[in-house]
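One chain, chain A, appears in both complexes that follow, with chain B as partner in the first and chain C in the second.
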Partner chain A sequence: MAEVKLSHIKKSYGDVEIVKDFDLDIRDKEFMVFVGPSGCGKSTTLRMIAGLEDITGGDLLIGGRRVNNVSPKDRDIAMVFQNYALYPHMTVYENMAFSLKLRHLAKGEIQKKVGEAARVLQLESLLGRKPKELSGGQRQRVAMGRALVRNPSVFLLDEPLSNLDAKLRVSMRTEIARLHQRLQTTMIYVTHDQTEAMTLGDRIVVMNDGIIQQCGTPMELYQHPVNQFVAGFIGNPPMNFFSVELMENEGRLFASSESILIEVPQQQADILRAAGEKEIVFGIRPEAIHDAAMLLSENIDIAARGTVEVVELLGAETLLHVRCGRELIVASMPSGKSYHPGDTIELVFTTDRMHAFRKADGRSLLYGKLGGAA
Partner chain B sequence: MIFVNAGKKDWAFAYAMVAPTVLGVLILNIYPLFKSCYLSFTESKGFGIYKWTGLDNYVRLMEDPEVWQAVVNTLAYTVLSVVIGVFLSLVVAVLLNEKIRGRGLYRTIYFLPVVSAPAAVAMVWRWLYNADAGLINYLLSMFGIGAIHWLTDPRMAMISIVIVGVWTMVGYNMVLLLAGLQEIPKTFYEAAEMDGAGPVQKFLHVTLPMISPTLFFVVVTSVIGGLQVFDFIFMMIEPSNTAMASTQSLVYLFYKQSFLMGDRSYGAAIVMLLLVITLIITAIQMKLQKRWVYYE
Partner chain C sequence: MQFKTSTKKHLAVHAALILGAVTMLVPFLWMVITSLKTLAESTMVPPTLWPETLQWSNYADVWNSLPFAAFYANTFGMILFRVIGSVFFSATAAYAFARIEFPGRNVLFGLVLVTMMIPGQLFLIPQYEIVARLGAVDSLFALVLPGIVSAFGTFLLRQFFLGIPKELEEAAVLDGCSRWQIFWHVMLPLTRSGLIALSIFTALFAWKDLMWPLIVNTSLDKMPLASGLASLQGQYSTNFPQLMAGSMIAIWPMLILFVLFQKQFIQGVAGTGSKN
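Coming up: the complex of A and B.
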């Protein structure tokens, strides 16, 4: 059990700074997810925590101890690799027992620990097999087991599910969540899949270009993204963005583009006025867009009119790709009504759930300024 | 996959493609083998005339102390050169697989003996080994060690030849092993490091098992090469040398019988003996490999 503190951690290869001023406190027993696009430095950061990569600058503390120069085996951590890295010449049992043997544990004790891990991970019947005789999911579990037997205070997982097919990935995701609840150990989990991040993380760190964009609970990131990058990265399907102009009309603030016209709600309007930007990026999630024909209320403002281009049936919901002039809007509709490409449709936005970003740097103009629920 | 539904034309094409190699093996390997086998049951009458004599040559072989001494010499050379040579190759390969400065240069240096002509190599070593004017003895004399008769002392000559043999084989084996080492994914070492393995344990539990198929190949080919040792003996030990008896190998004896004594039939019998020994040793290695070679 330990908290992990990264204090102004940096990593450079030569002149290139890969990880920049990474500052993060991971709490004891927390499930922390690093998420971000490929090449943003997630693995590098994790490998620095593991001790597989030198830290160029800053301090790394595990359980209050500075471990920058402590070797991996003495950091009280275990790591699950993306390709599992199971020793091909050892059986499942030997793979799991290896670290314990190196620690000179008694044979009985090793048997006990491996047996226990095997039971938790349902590997008991596979202990005598070699890795090549296992399915992808089983290998993944052995890789987990190998980390598990050591009972480390921090678990590091680098895209542990990315080699599995979609269905298995979902079930292993649940297993990992269950495992975390059972073990009550600090876990740091790297993924580029935002769904994994959202479903697993107590908190999520969104990274881009070696910089932490935002750190928060899944809901915080979803509802209050700090910038356009986080807004676009978290949430599936991703948020719609439009370049809009802000216009005053009789004390009301409107955001408009060629094909879209929205009245900005009072609270947001005040904030945007104070920000003083003329042109902004307007953001709205597909879930906050509705079909005017399906709403009962009389008093509705049509935000955009367009033609359905693509209909994606997902079961519980239907995704519509609606062409409105130059914009392509993705909207999520409850299933029930059937749509066809070519249908004309009027869209209504739940403007309370709008986002606004500064054009110049993508920073959210509303973040931290909306009082109460937003 | 192309051949799953292959018509006659495809098969003809396939045969045409492998034909050169097959023909080469047949003419250069298989035919001489059967020819030698046949010769070993005959007596040479000169002028290319051979008389069938059954097992006579083999009976003579059994009773010939020179043959048995050559068997002992050959096995001694093989065991020494393989054990020392493969061990050194592995050590050098592992060291040169590390990120060290000038490793490209070192790799080239270690490989040079492989591309040098054996005759030239033998000549240089003869000079190095020269008891009176050789560099080695000169260097030893600086430490007050008296002249060693590297090539003429019957107890030293074998060791001297082993040294040259090892020196020439390390480069070749090193290149093979280096290729094998570079095939080992880095994550295995990282996993081992997380598991708490030090350098020695990483070598024993990751490097060695994962390089074992290459190592096995290196051992088998080195053993076969060792059993066929000839050129260094031929070029460094003169027939009059007192150390000849304790160094001459089976192939050298074959050469002596066939070409110096002109008894090609007896020479052929010696070759057949070598063939049997090679087959037995290789079969044993194939059997033993299950215990230590791991295939992915």
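Coming up: the complex of A and C.
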């Protein structure tokens, strides 16, 4: 039993409120990811769960027990830090065994537990080394091992991959996912990298300004963002946003700006009409934008015409930055056709996958109103 | 052209360093030479550069005329207890000033720093008063007591503690360490070079402490080396060769210590200025 329940958690430093009314239930064995920009309060929340920060208000329950005033060592948690926080004067073995020694475990048992963790993390040959003799990836594994030997109910990971290079980050990401599957322990993972969040999390909490913006599975967040912030934060490359006016014409609803004209599909149009907004922020993901010249159908509506400014070849896909008047649209095209800066292009939008946000506060006008939304 | 400028710069630096080294070495060599002269030769004008005959007997004479065994014992005792005391108290105080939030922390640390800025002579009378009221005048305890706390040591070690990442402490908290265990198992081992530097400084200051032992102790057999040697200096006349021979006898433990811990000594000096 290791659910973590954060009930109206608050954190303030003087008059400055860092975390505001954080309410979340993390299920047993769940991999929960807190994601958000720097300073959004995600690490502070994690540190409150760890007991490294006092909780200003609300209740924190781990395994059904209120732990607001319980010392970190008695919360049955282990934490992996961003800079690993390995004790430099101790060997890998001593680092991993340290917490067990403090708990006065028998030497044989310590050896067994450290040996087991070292085997899982492929650290057996490194046990006699000091941290300074290890590479970044090895240090990261030792930090994981140190947490692992304690067999905690909850793992807390604070941006554990931030200090690694891009390639190693990908392989360690896989290792962490594998470890979670193997251990079946509740994990709470903090990152500012939405790719890590999407690939690792059973559920993701997107935070901004100390507030939970949205909590859901990666696909829920991707397909049904609750507001413009989540829509822009989740997904790489990010969603395109345009300020558009809504216009009725012969019973059909159009969204238009200086350089874009889109017919809103019937289901979305009904919702937008009911919302009564005249101006909205229209959102569309790069992969929902197509090159008209590549489509076989003749009955297509051109949403925008523009000039290719930048071409980014990514192998499986090509990212086009297309200038359409004042708008810069990023479109993801399948590789095959070659594009060059200066090419003119006609763009077609898969409008079924459109998003619409209220201009005043960025809230989604379609969230929860279309089939499949959370 | 650039090579020439660089060579000139190197030559200038080396010349300055050689001049500094010679300036430091000459008094030492003069002490060695004087310790091997006769009394007459040592006061001769103009002075002789090298003794006519080497007077090794100066060493035997000074050894027999003063209780060197007691001097050594007192000096080593004083050094040992002062080092233990100053390392313990400085480390605990420095850790508190560096890592524990408590009301008035900065003001108190400021007061510690202020004591470093006041001339040490000003403390002599109050310190003597304290020792006298404890009934400890003319004892090893009197030699040790004022040296067991060190504002300099607190300042030095605080710099070392500040340089240790906070996450290490937090990791130790999660591992189950109490405050004392964090200090003992994590923080103290990581300030090893600072502790060695402080030990060397404390030992050095204790070894060359002249005034305090002369004030607080009166019996010759309760004196450490530096103060004991001062008894060779008369009001009207001084036997310089014997004084220098005595100094030579007194100096070798410190020389060995310096040679052994040269790296830590320099690191300690650098650490006081360069760290946060």
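Following the convention adopted for this analysis, the second predicted complex is superposed on the first by the 370 of 374 C-alpha atoms of A that agree within 3 Å, B and C clash if a C-alpha of one lies under 4 Å from a C-alpha of the other, contacts with A are read in each partner's own complex, and residues count from 1 in each chain.
The working rule: a contact is a pair of C-beta atoms (placed from the backbone, for glycine too) under 8 Å apart; a residue touches a chain by one contact, two chains touch by 3 or more.
Not measured: the values here are computed from a predicted model.
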Exercise. Overlay done on chain A, so just call it for chain B and chain C: clash or fit.
Key: clash
Quiz item: Between chain B (first) and chain C (second), which, if any, makes contact with A:Ile284: first, second, both or neither?
Solution: neither
Quiz item: After lining up the shared chain so the two structures overlap, which partner does A:Ile77 touch, if you call chain B first and chain C second: first, second, both or neither?
Solution: both
Exercise. Could you look at A:Ala117 and tell me whether it touches chain B, chain C, both or neither (first, second, both, neither)?
Key: neither
Quiz item: Touching A:Lys132 in the superposition: chain B (first), chain C (second), both, neither?
Solution: first
Quiz item: Which partner does A:Tyr87 reach: the first (chain B), the second (chain C), both, or neither?
Solution: both
Quiz item: Given the touch rule stated above, what does A:Met144 touch, chain B (first), chain C (second), both, or neither?
Solution: neither
Self-check item: Shared chain A surface residues [contacts with chain B and with chain C]
Solution: 50-52, 72-73, 77-79, 81, 83, 85, 87-89, 98-99, 102-103, 146
Quiz item: In their complex, what parts of chain C are in touch with chain A?
Solution: 165, 167-168, 170-177, 181, 185-186, 189-190, 192
Practice problem: Would you mind writing out the residues of chain B in touch with chain A in their complex? | Solution: 185, 187-188, 190-197, 201, 205-206, 209-210, 294, 296
Quiz item: Where on chain A is chain C touching in the complex?
Solution: 50-52, 72-73, 77-79, 81-83, 85-89, 98-99, 102-103, 146
Self-check item: Residue ranges of chain A touching chain B (in the complex, touch as defined)
Solution: 50-52, 71-73, 77-79, 81, 83, 85, 87-89, 98-99, 102-103, 132, 146
